[in-house]
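All chains are identified by letter, namely A, B, C and D, in their written order; residue positions are counted from 1 within each chain.
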Amino acid sequence: MKAGFIGLGNMGSAIALHLIKAGHQVSVWNRSPGKDDALLAAGATRAASPADAAEADVVLSMLADDAAVQAVVFGEHGTLSSSAKAVHVSLSTISIELADHLAETHRQAGRDYVSAPVFGRPAAAQAAKLFIAAAGKPAALSLCAPLFDAISQRVFTIGETPSMANVVKLSGNFMIMAAVEAMAEAMALCEKSGVEKSTLFEVLTNTLFNAPVYKTYGEILVQERYRPAGFAAPLGLKDMTLVGSAAQRVGVPMPVLGVVRDHLIETIACEGPDIDWSGVGLTVSKHAGLK
Amino acid sequence: MKAGFIGLGNMGSAIALHLIKAGHQVSVWNRSPGKDDALLAAGATRAASPADAAEADVVLSMLADDAAVQAVVFGEHGTLSSSAKAVHVSLSTISIELADHLAETHRQAGRDYVSAPVFGRPAAAQAAKLFIAAAGKPAALSLCAPLFDAISQRVFTIGETPSMANVVKLSGNFMIMAAVEAMAEAMALCEKSGVEKSTLFEVLTNTLFNAPVYKTYGEILVQERYRPAGFAAPLGLKDMTLVGSAAQRVGVPMPVLGVVRDHLIETIACEGPDIDWSGVGLTVSKHAGLK
Amino acid sequence: MKAGFIGLGNMGSAIALHLIKAGHQVSVWNRSPGKDDALLAAGATRAASPADAAEADVVLSMLADDAAVQAVVFGEHGTLSSSAKAVHVSLSTISIELADHLAETHRQAGRDYVSAPVFGRPAAAQAAKLFIAAAGKPAALSLCAPLFDAISQRVFTIGETPSMANVVKLSGNFMIMAAVEAMAEAMALCEKSGVEKSTLFEVLTNTLFNAPVYKTYGEILVQERYRPAGFAAPLGLKDMTLVGSAAQRVGVPMPVLGVVRDHLIETIACEGPDIDWSGVGLTVSKHAGLK
Amino acid sequence: MKAGFIGLGNMGSAIALHLIKAGHQVSVWNRSPGKDDALLAAGATRAASPADAAEADVVLSMLADDAAVQAVVFGEHGTLSSSAKAVHVSLSTISIELADHLAETHRQAGRDYVSAPVFGRPAAAQAAKLFIAAAGKPAALSLCAPLFDAISQRVFTIGETPSMANVVKLSGNFMIMAAVEAMAEAMALCEKSGVEKSTLFEVLTNTLFNAPVYKTYGEILVQERYRPAGFAAPLGLKDMTLVGSAAQRVGVPMPVLGVVRDHLIETIACEGPDIDWSGVGLTVSKHAGLK
């Protein structure tokens, strides 16, 4: 089908390439130039603007934050300027408020909006092994199905209100941080008690905790490999702030969120913004007098 | 080999039975009578006292708490009264202080002590599928190896100082509680945002969080099946208190521990002591105004 | 001098009246009508718009939140439309971002801006016994001095950057909530230990804690007099959210803030929005199984 | 009257001296010798043992912790060996469990026990300006009244169960730490926002927070004068641990206690044990990247 793709960072480029490979006609756009060479070589066309990219059946966006999404949708040459009725699919982690606002605005313009945030790092995107949490009208989700199939290992349908998918995505990111924090606290306890962190890691990941979240982040904690950042602490803090806003909006106290948010703030304040969000492990170690 | 077994609760009985089945000569003892019928039928002998049970190569104890362990070791007819030089293996979750004290006392009496706390619920004990974190002198661990093989799916050797195994066990229990708490907070956020808890559960346990800790406890949280208790909240609180003492002793702040400890206190205060330790999920729900 | 006054709620009306009594020419404006009768009777004139009120030496605003302040400054007939060069004084609790934005906008328009948030409830405003934390250019503060004298018992000069006064005000509100929370936790401990809350209150407020914050709020906690709200929980939560944003902006973890924020969220979720912000005391009691 | 006094540290010596000056016959005892010279010169007699000191109408103890109190009461030559029926008054901060245990043991021995923990630092003891929270049988409290009058500015009668006074004392110490923590968080926010800590201090202590707790500790925080310790962090942590045990015993979650306990653990781990308990202020500063 005809698809527009907006946002060609590490994640976006890898995803767009799989859409092309799957045989779709993809027109791509990125705010800063020079990101689309490989995609053009693979068969994409270059869109002149977000509106141009939206002259399609579906236009997908993979952008850094709320502001970037707003710019490509509501900006002067934003997708809303398009004459096409493309379904807009937002793949990135955005706020509940923005998701609701997009749904409403697109509805008024006679278009469908789908929130389809993805779980997975760039390597998963390159392997077309992302997980997608998708929410929107059934017809819109059906239309998107072939695109989602081309880029992910599995799609979870969350519901009809698009922002529900964002709630699930934010919940997942919170739980990653919570797992990292708990593991870091336990590792500090072990280390100061004479037990190697790697020993705890081996026990955990071979018993009740044998899941990617503990394997991936446990390895980082054991090796103290917080740089270069896979997902930088300020982005993690941004997401935890979105979780906090979502929770406050519907009235849910989340004390563990408070802990990880404070540790992210401290990690950035003390270690600089270029550290991985798992750098909370370094902060937890310092609190125990280990560094 | 000749083994004594002390403490015939749900866990202990299941473990002792596997030792018998593996061909060891097992003499059993329990404080309250009438717990050993099935074991005697299976070939065990009845010990007259802990000291009597300790007339063996190895004497294992599986007891509720520090006080119970102290009673069977240091009591009038405790294992220390035995003339044998049995290695004492403590399978239960006890404090670091007591593990250190046992190691020292047994050392002075010319015996070896092994801390070998197990991970797993009664069902795992019945299936001989426990995990064991074991620490002690290599010779003592070698001696115990056939016994451990008979009752577990895997043994992790933690180190030579017995209490190190207890640190690992306490760390694991803390991390279970932390995972339950985080999942409960995320589920409350989802529920109040219109997303079914079961939907979040499905996404989590099929992606980064596909580990037993999330599957087992996530199911309990989704079904709100907090009674009957698999592991009662007061026992969970006891363990978290042991974690707290261990952390304070070596100087490790653990803010997530503070959160789960407070939630266990509240759960017991408001719901009664017969609730499962995952009942913190109910407390988290109530805080969000959900019940 | 010639003063405009915008925002005639409980606080604003009481303050404006003291300005009139002190002999200043005061023109008043309120979004919803019918709030100015007493002030007109006392000698005020009615302004047709915020811009009209700003045809003065100084224009003061006492408004509920950031949005209200933005509306009267940047709205169609906002103070910025005034041809006068009135110093704008914001007396209410607003965000650091907005204070910085106001300072910059007024500067570009050739005006001065003073942040002068007040400490005190309506009774203190009526008695001209407010405390003021004021920040701005020295000349602007000097100009405002007679006005501040008319409405307060003391003015604290915080610095030249207006938003610094807002930081002090937010800090103060945070510390009130922290004191209430701590006292509520201690009272729950006493109550469940058989000691009357009033006994603890008497000891505290006659020893190290004999300050208004403990006397005022301690009395509310002892009597459980959370309604009607003197300062409603949603306003308290709004302020704690501003504290959180300010802290995150400059990189300061504030774990006690996390606690009180969660308790305010829960209090509103479980008790409704009409409860006083000291209603966190009720939430703390419930957690202890007391209600 | 005839009074024994046990424990001649900074606090105890100052208190005992006032009893002598008030005309009472005081016999003094201290575990380590050489502490009683000034008191003997002032008219005290030297007791040969705790039991000897207890040959009196009232025997008061002012000791570091539970273990020290247990030693002087239950030790070989402890007060319980005395033939006299002296009322035992414990002036120090001890656990609820020990207070209950002392009450029961003394009762069985036909004696009265009074818990009378004091609020105040050594300077207050020297000035006879302590505050006393006293609990015990009315007759026993009456008997002690002249002694209390000689050493304090005010006595608060808490109830008939001695440990109730300890609950009040522990609550007070918790609230001191909570006030220090909150003030430290607010000062870090101010400092990183460009506002001097001393400015916040001036505003607070001249408005709603004009109580000794903020004046005394605020000055320490502003000057960062954490050494020498007036009350060392490990003693503070010991007290917070007693609060935690008391709270867990009766079922009260205290999240702010969790925060200050963690900060005390970290302060000791990172700064050493010779720092004042208000050194949590240093820890809070470091978290904000200020040191």
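The criterion applied here is as follows: contacts are C-beta pairs under 8 Å (C-beta built on N, C-alpha and C of every residue); 3 or more make two chains touch, one makes a residue touch a chain.
Owing to the predicted nature of the structure, the values given are computational and were not obtained by experimental measurement.
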Chain labels contacting chain A and also chain B: C, D
Far-end chain from chain A, centres as C-alpha averages: D
Cα-centroid distance, chain A relative to chain D, in whole angstrom: 53
Separation of mean Cα positions, chain C and chain A [Å, integer]: 38
Computed distance of Cα centres, chain D from chain C, in Å: 38
Per-residue multi-chain contacts in chain A, two or more chains: 247, 251-255, 259, 262, 266, 269, 287-289
Interface residues, chain D side, partner chain B - complex: 237, 241, 244, 247-248, 251-255, 258-259, 261-263, 265-266, 268-269
Residues of chain A touching chain D in the complex: 255, 262, 266, 269-270, 286-289
Chain D contact footprint on chain C (complex, rising order): 96, 119, 131, 133, 154, 156, 158-159, 161, 163-164, 167-168, 170-172, 174-176, 178-179, 181-183, 185-190, 192-195, 199-200, 202-204, 206-214, 216, 243, 246-247, 250-257, 259, 287-289
